[in-house]
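Here the chain labels run A, B, C, D and E in written order, and each chain numbers its own residues starting at 1.
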């Protein structure tokens, strides 16, 4: 009689196969969901295109998101702001008609939030779009990605090397990285962002 | 494929004696299989030296150093002052050092054991199940049938109850 | 050496031990089923509720933010101490009476450590983030705080669990091999893998001996450090009655003490229900009884020291903590502890007591109840009476906590019951070592035909 | 900077204590016990500012109240010669804080404002900091808290609502400190002016018993107040080096 | 895998699909939940997302009239702080005021007009529209007015000031009624009467605690609940440690230590109701030592002859030497100040007592000077003292109602069912009133008995104005503006009255379309009159400036020329207090006091305040009976023992709290709990001691002598653990609250100075 662990291993093979397939399936399922149903670019109530507004027409971001330079939140424009222009412009397009119907019913447009940070993160737009920040080369696109090329807004973050990563939400490491690079005062103090 | 002559003994002394005789007769160093560690093997088959202690020492060193580097290094990567103490505080880090020293010492000892005991056995090896119960086996490699006959006779003489001709795959 | 095993042969040991693994009666299944059921009902169910509701399901409050979970944690860690530690010490000192019992004692170590580790999960407020206490690279660039005594705990217990499971495994390899030869089917495969192809050659025995000895040498200081570190969780605070230098030896002694009592309990059960009467004998109980006596005396001494230093400090807070411990809300528990852990073990002076099985069992259980109380009191009384009298409070465990304590016991029993069916609970080869070598009379050849 | 550089640099810099000196601010508070009337306005102010939950009668009876600042009361003497002393107790923001060292995940540490932080989203709830704190000012979220609608509309958006299993404590209203620094930056100023930032309790104290400010600034009100001969710190013997300094009550009779 | 079998293949396929599904849902489950960004339709001008907006307005939680700044974010009230420019609060605020947001966002608010559909008190209400509600009331009022039975309408309000009070006056007057009653449990009738008698002043003077060096307080819990606690606290703090080398001394005389008693340097327990005697004994000593040398000295000596320190010592239980010491210190430390109120005024001799306290101020010359008692000038806006209803007035009202003389009762804010003793029979009298209308924002006990509920805005949603009473020595006015848009279908009280007025065609007298107009109109007059710190040409800019600042004030002080009439001196004298119930049957005197946290019960529906520990006992969420340790021991009671407290007029049950600082024959209970209605936080919690008070009155004012009830205590043998924070209330020599001697406080003490870390 001889002895070896090989027969024992061989006996394990069916179980390992099933387990392995299960695990592989798990990865595939996860990947499939992440790839095809990322949920990072929801369909908005009105098909507003940043590409047309910010890209082609070169409307500055803060024309609509007026709050950004003085408030913690950038804010979404009020319906009246949209109507201000679209009373005149492209009034016949179906999406604009949709807008006008909101306006006439005095209803707000239920935009779906795309860029979102957890509630325990206190990010202020004001600090990040101040003159000082702009001087350091921080644009809206730094965090929000190439918005001017997107028809529908998509979650975008950045890799450490600075390249855009589509459908990837922001993580703490990226904030930290930027704070370190720019040597932000107390930039790595937790209470700068969490309180 | 190599062949072995395996003799089974009731008494450890006989098995030891057989092994000694075999070795003296010019056979390759025989292997003893026993249900308990045998005393006196070394007198018969010569001193054994293992590398385990080196593994242990090496592991402990690695563990100790990496423990300290882990504790001290990570605390300067993201500085979190606590309790008015220095960021690199030696006394508490020595505890981490110590624990990792032990951990790595243990892990390397085990590694050393497996390597030096040639375990796990991936290849088929000659084995006598009785040797795990209450019999003592002496196995010796035999190049050919004559060799085997000689070994068998030596084993039988020493008091082997059975002598088996066994083979193991290479 | 064990006198009663003199008429036993190697093959008898082999037979008896393997029988304990492969022959499983309905009793066993009933016991296992009950233990597992109780675990589910009393441990996992209340814990799930607590995960859903929050730690508030337990009776903790301000200032009693630590409660029975932490007490249970220390208790189980303490219980773990005797197994591996004693085994190592006795191995190095070549005690032969160790050999019949060390396997199950080590198993006790391993499982009580596992239960203790579970209590860490039960204890923390957000166990789903417990991995943050481990050092691994992450995008947050956050590392654990290596200055924290709690992190010493994480490291020490991690090492200890690894070390003791390796130790028990290494010691079992020859026995796995022995079982492998006697089993078929999936068991055979399992033991083939577990034994890694062990054959019992002279080389293997030699290596095993050295590796095992090194492990023992490494594990002894580790075990001492583990409970010292657990004591530092308390002693490094500045809470009156916790901030004491005596705590490390106190905890270590207490741990070995409760662990030894635990071994007595386990030995009794093995002897009685696994038919190991021939292996676990009066000698063991006698020796363990002596050990218990010594430990109880040391323990009592340290307790006295603790009281003395508290009184001698002259600080109002220390005095109050002392007064509260002796005469306060939890005082009945304190005196119960003294009765069980300091007074009752004095019975071990009598050798007749030591060699009577049932009284020893009762004593061992009493000691462990007393030792649990000790752990509870360390947490309970000290936190109740801290520096600011206006912030004093009383902590009383809730039903969930009590249930989880009971459940943890059942969890331990479940793990142990599974263990005895997988690992030979008496080390065959070491028992054989203590016996005389086989005599030349011919015996019926063992089953299993030659290859 | 490479990893090795960071390490060697850190080794040189952080081998010794005392790096607190490099901090910009060192916020501190003085509490004049001679002025404190025990009215508990500070307690409510804190509750409103910091989203402290209403725990309910049952939880309160169990000893699970949430008050980042509380008034402790100590009676002295017997009737008729009896006195009641109040002392507001809040996180002392110790420079040598026992609570900080014990946190295994660095959820609490000393930040560059000289404050004892508590990062809720990092906390795993071992509660050891609460044990180590001799002032008993750390509070644990034993469960998730409810605000009966629409009471939740009052919640301060600048402060996280804590979830179950998380420790919390006084932050010296860090959100206000941050806001003040923000304003200082907007104005092109480097430093926050004395009195520009006040935690909610200090802001509301009707008797002006609480003073808050930067103790690095020797001219700040708080620095001057801390140098008052009546100044003392609670449990000084524990060497926790608190940033909250009490001014002794004047006992006119004795 | 070449030789895979069918079964194995199926297994693999199964495992794979389970894995894929599980992986898919794993990812799905950790996705961020969808949130919306809801923009405004039209961006509002006064606030921006993410930026705080602060509004200055007026606190209406108690009668002090503090100015407040309300922090709002995205249109929601976040926090209330004191308005730094308001002279009453000076940026500070008490716990009660801070709890304002919980009034606004209270989950138990009434959300729209209701009509009782079942029996009164059954709680069966149906929703109605404002039109229906207003019409129903207006129709009834119209009928009554037409039938010249306007006097059968009664408007019963909480104490309101400013133009709302004026509006009420005109409205009731137009109906042809004289029944405008302002009822508050805590209104200090006796104090007003005493000041009227002694100084001839309709208004309260300004008590300048800030600059005083010696304060003798007779029963006035000036830091807790008396008149203007925030302002007094400011003064207290300044007096104590605000001035170099001068530290004010505070002495409190009362049978049970109040918050002010704890803050005082000396707390002296005098038998309940004998505070006035003590004051006169002090006066006697001042005269006999010759500290007072005025022309009318002889008159004083004559009138005070019977109040020697030894005699009074026997009556009050305060040793004669203490009285002498107090008198010496009071006369010699200048400026000094004597104040009286609270329990001292709530006895059968209340007015006399407070007159005696005023006499002290007169005798040491504390009138009209800093650190003493300063007379307030005419307020800038309307006042309403004549309508303050005393207990006697309420009894008359009850009697009228019982006779069927009241046909419509409009209740605004006040809650007499709760704040009147059951002996008054108010709740029963309500049964005789055919129509009860409530304007309350909450379903309190009185509102629960109403037929029609027209819920008001809270003060944070409505327009109003206030002229603090007492003032701060100069005229102050403040406008209360809405800081949040109305949460529910409620209306401002003024708008409801105006709505009724419109339906009743009162446009000539009440010409305003809204309360905002009314206030603006009123303030136009203030603007036209000139003066004040805001001087602008146009009213609009004046109005804007006042709204921005939240306050308007005028730096004018009254000349202090005060001469005392001899007849007043002759009238000075304090009788022994009368208690209801025989001392044999009822051995204890019940000392009910306003809760520091819940006030008179109005704040019992605010969870913050329910959960705010009582400063003295740390008890929350309930009632308790305070008892001297000796008394408790004698009765065999410990903390938490439930006892029955029985007066000749009822019985309540509460747990004992052993209170070290209360006279042995006095038991004290906080007012505030014991609500039967008033929302989830207040309902069925504790007991209301007002309920068992005897209808004993102060004869001159007819106000309730609320501290003059005798009770007996019977143990029930049951226990109810008090919910409180405290562990041990003794510091066991741990030196937690450290003290230092008085004389040394500016000297170098034996303490290590804590210095700045060197930089």
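As a convention for this text, a contact is a pair of C-beta atoms (placed from the backbone, for glycine too) under 8 Å apart; a residue touches a chain by one contact, two chains touch by 3 or more.
Remember, it's a predicted structure, so these values are computed and weren't measured experimentally.
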item	value
Labels of chains that are neighbours to chain A and to chain E	C, D
Between chain A and chain D, the fewest steps along chains that touch one another	1
Chain nearest the overall C-alpha centroid of the shown protein atoms	D
Between A-B and B-C, the pair joined by more C-beta contacts	B-C
Cα-centroid distance, chain D relative to chain E, in whole angstrom	31
Centroid spacing, where centroids are CA-atom means, of chain C and chain E in whole angstrom	63
Chain centre separation (chain B, chain D; CA means) in Å	61
Interchain centroid distance [CA atoms averaged], chain A/chain C, Å	51
Touching two or more other chains - residues of chain D	20, 63, 65, 72-74, 98, 101, 103, 106, 109, 111, 122, 235
Contacts with 2+ other chains: residues of chain E	50, 725-726, 729-731, 734, 736
Residue numbers of chain A (touch at least two other chains)	1-5
In contact (per the touch rule at the top): chain pairs	A-B, A-C, A-D, A-E, B-C, B-D, C-D, C-E, D-E
Of chain E, residues touching chain A in the complex	8, 11-12, 15-28, 31-32, 34-43, 48-51
Chain E contact footprint on chain C (complex, rising order)	316-317, 320, 387-393
Chain B to chain A touching residues, read off their complex	78-79, 120-129, 166, 168-169
Chain B contact footprint on chain C (complex, rising order)	9-11, 14, 135, 141-149, 151-152, 155-156, 158-159, 162-163, 166, 170, 174, 177-178, 181, 196-211, 214-215, 218-219, 221-222, 225, 229, 428-430, 432-433, 437-440, 442-443, 445-446, 448, 450-451
Residue numbers on chain E that touch chain C, as the complex places them	725-734, 736
